[in-house]
Amino acid sequence: MIRFDSVTKTYPDGTVAVDSLSLEAPSGKITVFVGPSGCGKTTSLRMINRMIDPTAGTIWLDDKDTSQLPATELRRQIGYVIQHAGLFPHRTILDNIATVPYLLGWDKKKARSRALELMERVGLPTHFAKRYPVQLSGGQQQRVGVARALAADPPVMLMDEPFSAVDPVVRDQLQEEFLRLQSELGKTIVFVTHDIDEAIKLGDQVAVLRVGGHLAQLASPAELLNEPVDAFVAGFVGRDRGYRALGFSTAGTLSTRDEETVRLGADIPSGSSDGWLLVVDDQAEPQGWLRLDSIPAGSSTVTDAILHRGGTLARQGGSLRSALDAALSSPTGRGVVVDGDGRLVGSVTASQVLELIEGREQVRT
Amino acid sequence: MIGNVITWLNDPAHWRDTRLMTGIPSQLEAHIRYCAIALAIAVVIALPIGLLLGHTRKGTWLVTLANAVRALPTVGVLVLLVVLISPHFTGRTDTGYLIPTEIVLILLAIPPILSNTVAGVQNVEPAVRDAAVGMGMTGSEVLRKVELPCSLPLIFSGFRSATLQVIATATIASYVPLNGLGRFIYDGLAQQDFPQMIGGGVLVAALALVADLLLGLVQRYVVSPGISGRFSKKVVAAAGPITADVVQAEVATV
Amino acid sequence: MIDRIVADSSSSSPFYFWGYFMDHRHQDLAWLWDHVYLSLIPVVAGLIIALPLGYLARRYRWVYPPMVSVMGLLYTIPSIALFVLVPPVFGLKALDPKQVPIALTVYSVALLVRVVADGLAAVPEDVAQAATAMGFGRLRRLISVELPIAVPVVAAGLRVATVSNVSLVAVAGTIGQDNLGRLFDEGKNLSTTGPYYPPIVLGIVLCVLLALVFDLIIVLGTRMLTPWRRVVIGR
């Protein structure tokens, strides 16, 4: 658990970077600091491992005052991941990951086998072990950065915009894997980002900071979306709040309608009730829609090339948002619902989902 | 003329020490000895100071001062010191000429080593240094384990530049007069024996090229492949003595 | 006491250098002038030769490595060796005065080619492409966009080349060429009974002044050619 107790940071020229910040980052959870440039989020993070020292106030790490410990000792117990990874260019990937264990005096063999283990954990092929950072892509370097922070198994991790410097596709992957990793490891994490969507996606708890280092709101993502405490937070959280908040409510078990289907590779049927057919494969996994009146001449069997792939899939037991999105994005207006293994369950319309949502609203108010 | 030079170089008499003339191997050995002493002392002085200045980012005035030394005419300073010091050493020893020469050589070797070391340490990427500190390395650990290995290319190129300057100036030292390969140039000049003079030039050039080649090889093996990028498809020209001079000038611009 | 020493023409003290200069004005000024053009001409000629070579090395990627290697090789050869090696290679007589500017030009080219290539490489890719997209032809782009941006790097190299040349020209004085280096020769030859400092000190003083003046000129010239840099740095 990390506790900020009236922590302030002022610079000699008078700028106040952090103003009397008090909050608690619970153990085993991800707390995200988010806010516009100049709000002191990175400064606050760096005060936890004393890269910057507070001008006033105390930071507690599990009931220990961080200012009382020698700084280097403190840092060896905290994992630190930064934006451009900061990998040591002169060391191999393996030796990079094993840095803190080496510093702590671990046996070399033990440190290296731990490093290999972590490489697998973060999804890096083990044959990268003897390569050098310059040979890796940005996304791969970030994974090494995360592995390096985890090497000595610290209870606490500090992450400063770790996924900002990679492209959006890679960023999504890294975020998903990060969540998976956290579900296995349960570390106490403080994460800094300027991207409110990333904060909402990753945080168990989000701290929105204002320029000048004030805490505007500390709340769960759902609460932040539904009940922003003032105009600044509302503005920062952004548009489509209602829609995004749906991501946090489950749809429960959706009552679906059956769909007419045709197998991939089968002969094209002559007709259907509304001119559309859902195409599935041999495992009953939906592949796309077939539009009967726009089949190119000369096709007799159902193939990949003639499918519409417009709709997203909603998982049974998933969020209201994904159910609504499936319905909205489907070319037929009927969202495809699948079970946990990806097999077709049935379809659901937008109005069905909206009824569900309104039903919930009634219950709440 | 070229033919005469080749004849002179091939003459076995020139490869032995005789009463009239010290042979090529002896002069070569003397030359290398003078250079090695100066370089060793220069490294011992300049490398630690450079590492410290680069790490703490203080005292850039020292680097600028060291670079200003470049404006001094080496021959002039050499002659000045010899004229000043050698009268105090009488007799048949070389010491009266050796000491001022070594002083000049050391003064010449320090600026490239110092300014390249400082530049090398300062050019380590900030993210790398931040990560090192954040992981709990002490100041000296950061210097030893991260900053030093990462600045090796520039440090090496500074050393190579220093080596070339020292070899070149040790040649001129034969003017004052001292032994060494320059002996052939100046004696050749005095005796109007041009094959000898030009032969001396060839020998000096050869020494410099071989020395630089050897240092380049050492650099290849000492510097981590992660930095030199030896395996990448991009062609990276190894940092050589020319880089050292330009780095010095850029640093002096500050 | 100093003015007595300075005025005493038989003094061998280091402080007498001004008096020595006054006594040998014509000779010294002649040597000074020799030194000036022997230092400058190689740099100017070197730059003129290095610009197209450096441009080629940048334009055709495969040219860069061999070019840099050859230039590096030439630069490695100690100056005095280069002086004595130039006559046989260029078919001059062994102690031809032309060997100095030729050798120093070779040196300057060796240094500047890489500097020009790297200076042009320092131009950000997006700037070059934006210029092309706006309709700059290749030559125009080189002259109006790339060269101006490359000026600081090239200027740094020019400073190194020029200041080194001042010292190297003096070295040629030891093999009998006419320039300020002859002052050191004189001083050494006159120091038989005891140290005779004046010409030596004079030579050092003049060389240092010359180097500083050249350096200053290049720095000021760079400032004039790159007004945008001044704005950034002078915050």
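First chain written, first letter: the chains are A, B and C, and each begins at residue 1.
Here, a residue touches a chain if its C-beta (ideal position, glycine included) is under 8 Å from a C-beta of that chain, and two chains touch if they have at least 3 such contacts.
It should be emphasised that the depicted structure is a prediction, and the values quoted were computed from it without experimental measurement.
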Take subunit A away and keep the rest in place; grouping is one piece
Kindly work out which chain lies most centrally, taking the average of its C-alpha atoms as its position. B
Leading the contact tally is the pair B-C
By Cα centroid distance, the chain farthest from subunit A is C
Where the CA atoms of subunit B average out and where those of subunit C average out, how many Å apart are those spots? 20
Rounded to the nearest Å, the gap between Cα centres of subunit A and subunit C is 60
Centroid of subunit A to centroid of subunit B, CA atoms only: how many Å? 55
Taking the touch rule as given, give the residues of subunit C at its contact with subunit B in the complex, in rising order. 61, 64-65, 68-69, 71-73, 75-85, 87-88, 94-95, 110-111, 114-115, 118, 152-153, 156-157, 159-160, 163-164, 166-167, 170-171, 173-176, 180-181, 183-184, 187-188, 191, 194-197, 200-201, 203-204, 207-208, 211-212, 215, 219
Using the touch rule from the top, collect the residues of subunit B that touch subunit A in their complex. 125, 127-138, 141, 146, 149-150, 152, 224-227, 229, 231-232
For the complex, give me every residue of subunit A touching subunit B. 49, 51, 71-77, 80, 82-92, 99-100, 103, 132-135, 145, 148, 158
State the interface residues of subunit B toward subunit C in the complex, per the touch definition above. 1-2, 5, 70-77, 79-80, 82-84, 87, 164, 167-168, 171-172, 175-176, 182, 185-186, 189, 194, 197-198, 200-202, 204-205, 208-209, 212, 235, 237, 240-243, 245-246, 248-250, 252-253
